[in-house]
Amino acid sequence: MANLVEEFNGYREKMNEKILGDDNKVIKRIFNLDTNAFKEGHLDVKTKELLGLVASAVLRCDDCIKYHLGKCHEVGLSKEQVVESLSIATLVGGTIVIPHLRRAYEYWDELEKQN
Amino acid sequence: MANLVEEFNGYREKMNEKILGDDNKVIKRIFNLDTNAFKEGHLDVKTKELLGLVASAVLRCDDCIKYHLGKCHEVGLSKEQVVESLSIATLVGGTIVIPHLRRAYEYWDELEKQN
Amino acid sequence: MANLVEEFNGYREKMNEKILGDDNKVIKRIFNLDTNAFKEGHLDVKTKELLGLVASAVLRCDDCIKYHLGKCHEVGLSKEQVVESLSIATLVGGTIVIPHLRRAYEYWDELEKQN
Amino acid sequence: MANLVEEFNGYREKMNEKILGDDNKVIKRIFNLDTNAFKEGHLDVKTKELLGLVASAVLRCDDCIKYHLGKCHEVGLSKEQVVESLSIATLVGGTIVIPHLRRAYEYWDELEKQN
Amino acid sequence: MANLVEEFNGYREKMNEKILGDDNKVIKRIFNLDTNAFKEGHLDVKTKELLGLVASAVLRCDDCIKYHLGKCHEVGLSKEQVVESLSIATLVGGTIVIPHLRRAYEYWDELEKQN
Amino acid sequence: MANLVEEFNGYREKMNEKILGDDNKVIKRIFNLDTNAFKEGHLDVKTKELLGLVASAVLRCDDCIKYHLGKCHEVGLSKEQVVESLSIATLVGGTIVIPHLRRAYEYWDELEKQN
């Protein structure tokens, strides 16, 4: 059975390629902005990834949560820091966030197994 | 093939255990509150489960809908009462709720088959 | 200074009249459905008003909350029952519901003063 | 493996039949309204389908997006017109719409293969 | 008393100036994209404004609705076309959209009085 | 004319007192959790306030934004850091966040004038 992390990244890359292969400038620029917005600035990369994670969690977007969890793991945030961010998301966004919290835990476990 | 109800409950329990095994107090207390909020008070348990169901439906959270459908079934609410609640959710939340209504019907059928 | 309740009802009626004076059948039927959905059926009127209130609260629509608070008051629900419903909405919908809870409390006070 | 389009339509039809076989008038009328609202009026059918698509995309409802993509394809809208509408949805709704954009691209491809 | 339209446009312009006077590139580019996305392309300007209006209405953003109503009026869309678009938004987004519909009617009236 | 900051804080305190004067345990505990969740833990207070701000912004809750802006100001975050966080919120949440961005800028200005 395909690993959760590889499955997510594989589909994401395949479809991003299709979307960016198309000629829609607005979409291309939004993709570009997405890369730029999370670069170090007045805030460091770690803080920004946590901001992206919490935004994704309260808006209840599993794919966005997975993406930012992957990035959080990559830039060296600890599980405790990630969980603390998600606890704020659950409080602000309500118990409706809990099913996404379950899947976030599962995905983080897979990320840790990858290493 | 695994039954929808068992699959949902199994995953839910497994992940809740992981989450609660962790040391995050805010999350633990939110889980606790969730149990307390639906206990009999000035409103009876049936009414509260319908409130939880409608909140879940308009916020379009399939897992939350499944959880409250399970509870509604357990406390003895009829299909007619559940459907009437979901009709209010569909009116207030719009046709965007309909895909969740389909899955709610499917899940309720499975709950009835369990007995 | 105009009373919160009168102000809300006055604007609501004035604009509903304009909207229904128009020839859009889809909108007219939605307004009609809204009246029908909250009539006694397999659930009584009180339960339905609480369902409408909780749906409005988690979707964070102040005007919808006011409308259902007015109805809750009219059909004889107690403040305790209304607050208990709102507590479920705040738990499910998160702390983001709290500003609407404040305004709901203020509006309920005005409703009680009316009598 | 079952085709995405057939799978979606099959499940949708099966469950709609169950829902409409039930005796809930509010839900039946909402289903009815849904058919009427997208008929030619002051706006043509193509424009209305794009409106339905964008509404579905910003509300991030995959099933609703699939349904309207199917309709857009059926009434002869081009991929460029559909993508341009989705670019507006992504701008207005934010990068949180992007995972749905990926699935929309995949589904549109399947629709084109059907012919 | 200040006119609704002037009040909205005045505040919008004043604050946009402040925001764009700041040095945040991500925000500046999003503002830029917003201008570009609604220009004529594979879809004409009228259709695009209706798409923006419906997206704003189902996401229940009064200011965004006002902005697109202003644009709809400017590019020569009729009240019937605007209302038909809003009827789709109300159906898809639910009765929770109705309070915004009321304010949209009021704002459109003001726009017509301006001429 | 009353200052935006005082007006917001005054109303908030007055209504919180009323809500907490009531006997609803679920609501009381949610208020309590809200205080605890933003205390220093694995993440420092500044990071947590930015997480709260971004969650509030993407969920488009003006009062919650104001509250966290007040806190951000209090704990010594710079305008640049706040704006950078809001730029991520605007990208993730879409242009629908822009009207809230305008009001956030206005409120921050008032906070700076207070000193």
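Read from first to last, the chains carry the letters A, B, C, D, E and F; within each, the first residue is number 1.
Here is the rule we go by: a residue touches a chain if its C-beta (ideal position, glycine included) is under 8 Å from a C-beta of that chain, and two chains touch if they have at least 3 such contacts.
Small disclaimer: the values here were computed from a predicted structure and weren't measured.
> Kindly list the shared contact partners of chain D and chain E, in label order.
Looking at chain E and chain D together, the chains touching each of them are A, B, C, F.
> In terms of CA centroid distance, which chain is the most far removed from chain F?
Most distant chain from chain F: D.
> More than half overlap in residue numbers between the two sides of the chain E-chain F interface, or less? Answer same or different.
Different; most numbers are used by only one of chain E and chain F.
> Go through B-F and C-F and name the pair with more C-beta contacts between its chains.
Answer to which pair has more contacts is C-F.
> Calculate how many whole Å lie between the centre of chain B and the centre of chain C, each centre taken as the average of the chain's C-alpha atoms.
23
> When the centre of a chain is set as the mean of its C-alpha atoms, what distance in Å lies between chain D and chain F?
37
> List the centre-to-centre spacing of chain A and chain E in whole Å, with centres computed as mean CA coordinates.
31
> Which chain F residues touch at least two other chains?
Within chain F, the residues that touch at least two other chains are 26, 30, 33-34, 37, 55-56, 58-59, 64, 83-84, 87-88, 90-93, 95-96.
> Testing understanding: with touching defined as stated, what is the shape of the graph linking the protein chains, line, ring, star, complete or other?
Complete.
> Spell out the residues on chain B that touch chain F in their complex, using ranges where they run on.
Answer in residue numbers: 25-26, 29-30, 33, 36-37.
> With touch defined as at the start, can you tell me which chain C residues reach chain F in the complex?
Counting only chain C, the residues touching chain F are 60, 83-84, 86-88, 90-91, 95-96, 98-99, 101-103, 105-106, 109.
> Would you mind writing out the residues of chain D in touch with chain E in their complex?
Residue positions touching the partner: 30, 33-34, 37-38, 41-43, 47-48, 50-52, 54-56, 58-59, 64, 78, 80-81, 83-85, 87-89, 91-93.
> Where on chain C is chain A touching in the complex?
Touching chain A from chain C are residues 58, 90-97.
> Contact residues on chain B for chain A in the complex?
Listed in rising order, the residues are 11-12, 15-16, 18-19, 22, 24, 26-27, 30-31, 34, 55-56, 59, 61-64.
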